[in-house]
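First, the structure itself, so that you have it in front of you.
Labels A, B, C and D are assigned to the chains in the order they are written; within every chain, residues are numbered from 1.
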Amino acid sequence: MFVSETQIRVRYADTDQMGVVYHSNYFDYFEVGRAEAIRQLGFTYAQMEDDGICMPIVDAHARFLRPALYDNLLTVKTTLKELPIHHKIEFHHEIYNEKNELLCSGKIILYLMEKSVMKRSVLPEVLRKMLLPYFQ
Amino acid sequence: MFVSETQIRVRYADTDQMGVVYHSNYFDYFEVGRAEAIRQLGFTYAQMEDDGICMPIVDAHARFLRPALYDNLLTVKTTLKELPIHHKIEFHHEIYNEKNELLCSGKIILYLMEKSVMKRSVLPEVLRKMLLPYFQ
Amino acid sequence: MFVSETQIRVRYADTDQMGVVYHSNYFDYFEVGRAEAIRQLGFTYAQMEDDGICMPIVDAHARFLRPALYDNLLTVKTTLKELPIHHKIEFHHEIYNEKNELLCSGKIILYLMEKSVMKRSVLPEVLRKMLLPYFQ
Amino acid sequence: MFVSETQIRVRYADTDQMGVVYHSNYFDYFEVGRAEAIRQLGFTYAQMEDDGICMPIVDAHARFLRPALYDNLLTVKTTLKELPIHHKIEFHHEIYNEKNELLCSGKIILYLMEKSVMKRSVLPEVLRKMLLPYFQ
């Protein structure tokens, strides 16, 4: 299992007239969680794209328990429960506020694709090696 | 069953560097679908908020089958399969492109809440009456 | 002078906790105004990009007079005061609410660029011909 | 003069199909710059709103020199050139990439307003005192 954490400060633009973070922004926060998870491994998603791999999202799910508020410093916890062996990769996300209350949890499924031909691919070997120690 | 359709033109701002609509925007499109569904009944969500009811989202799920592209004229089909009897309301959404290909489907669960006290509420009577003929 | 009008319904996602449309969204509305202006001429910006021209924004200015509110049906008025002869194109935008009150005015300057080499270009001949009658 | 700096990582959601940050996002980055400037003084904009002051934007201008790209770590430099004495406050913003190239500069004018009655107000005394040393 690979777990990573990063922090996000809620922007004014993310709030809505209910006075809370509008729900679709949480999916952007999840994406930041994934990018930082890959960076903490020593790689970047930007590098993956340069190497010809892209990762379109095929399934996105989130449950909203408590609202995030403007200026809250959120912790996004991103978990990879299994090492992807095929073209599918599944991230679990949890978002906490400063009181360590769980605000939102979600699961995002992405496909690993060869960008030039948009065909299914697998995890780049360099990233697979970086992840391997967490799954032994 | 109550079914409603509305159209959305994809904006440049909605695209990402993969050349397709970034996934979290579909949740904004779903929201447009719900707003127009209520308007087609003869009511508005804005009016509901003025009447003291708000509808925070508690669960959001989407599956992405094909990408939407810049300037595509999308059809958002919004379905209410059951007349809500308690505080929970569930919308099903499907998004089609101009070739009538299904791009994305989703389900959004919202709670009906009394805004002033943030307590669970039920569907406003006026809206319930408008919906009733579709569920008989 | 070429003047075009289009309508935009304010989405919930566009509001902020002040209960009004967050300012950066008006720039997205302006972009919709430009896209619809080109469409009303009989061309599309999507077609321009397919033809190898892109139009990055080099300058954006907006003045905010009155707030737009959730569910307002806005009219975006887009004006081209001069036929562009070089690589620069300048759009003026005004946004009105349903009471015909001016909410926001702005000016966006874009460069016409040849996409493949990112060099300055000029207005595609087909679009120049469509615009010509408005400037004689 | 009061100058403050903060960093922002470009999100995937902020890019468009031209492969660069879509222009309206820079206004969101500017807003982060202002929020962090106030925080570095020892106050927060959130606290200001709790104290009954809000700051709607009346004028926004940006010039775009070079594109910001996905995953770029941007530096937002926020400058207050004058201590506001009336209801008007003017922020200057500059955004740099990791090579210290200037990507974008802008000026945002806001009004200080008493939220409850939406009447013009002045800088809260506590914030004025924090700013005073920078303007002597």
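The working rule: a contact is a pair of C-beta atoms (placed from the backbone, for glycine too) under 8 Å apart; a residue touches a chain by one contact, two chains touch by 3 or more.
It should be emphasised that the depicted structure is a prediction, and the values quoted were computed from it without experimental measurement.
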Most remote chain relative to subunit C, going by C-alpha centroids?
A
Looking at chain pairs A-C and C-D, which one is connected by more C-beta pairs in contact?
C-D
For the pair subunit A and subunit D, the C-alpha centroid-to-centroid distance in angstrom is 28
List the centre-to-centre spacing of subunit A and subunit C in whole Å, with centres computed as mean CA coordinates.
34
Any idea how many Å lie between the Cα centroids of subunit C and subunit D?
25
Give the residues of subunit A touching no fewer than two other chains, as numbers and ranges.
12-13, 18, 20, 24, 28, 31, 70
Touching subunit C in the complex: which residues of subunit D?
18, 20, 23-25, 27-28, 31, 54, 56-65, 67
Going by the contact rule at the top, pick out the subunit B residues touching subunit C in the complex.
9, 11-13, 28, 31-32, 35, 44-46, 49, 70-71
Once bound in the complex, which stretches of subunit A touch subunit C?
12-13, 15-20, 22, 24, 70
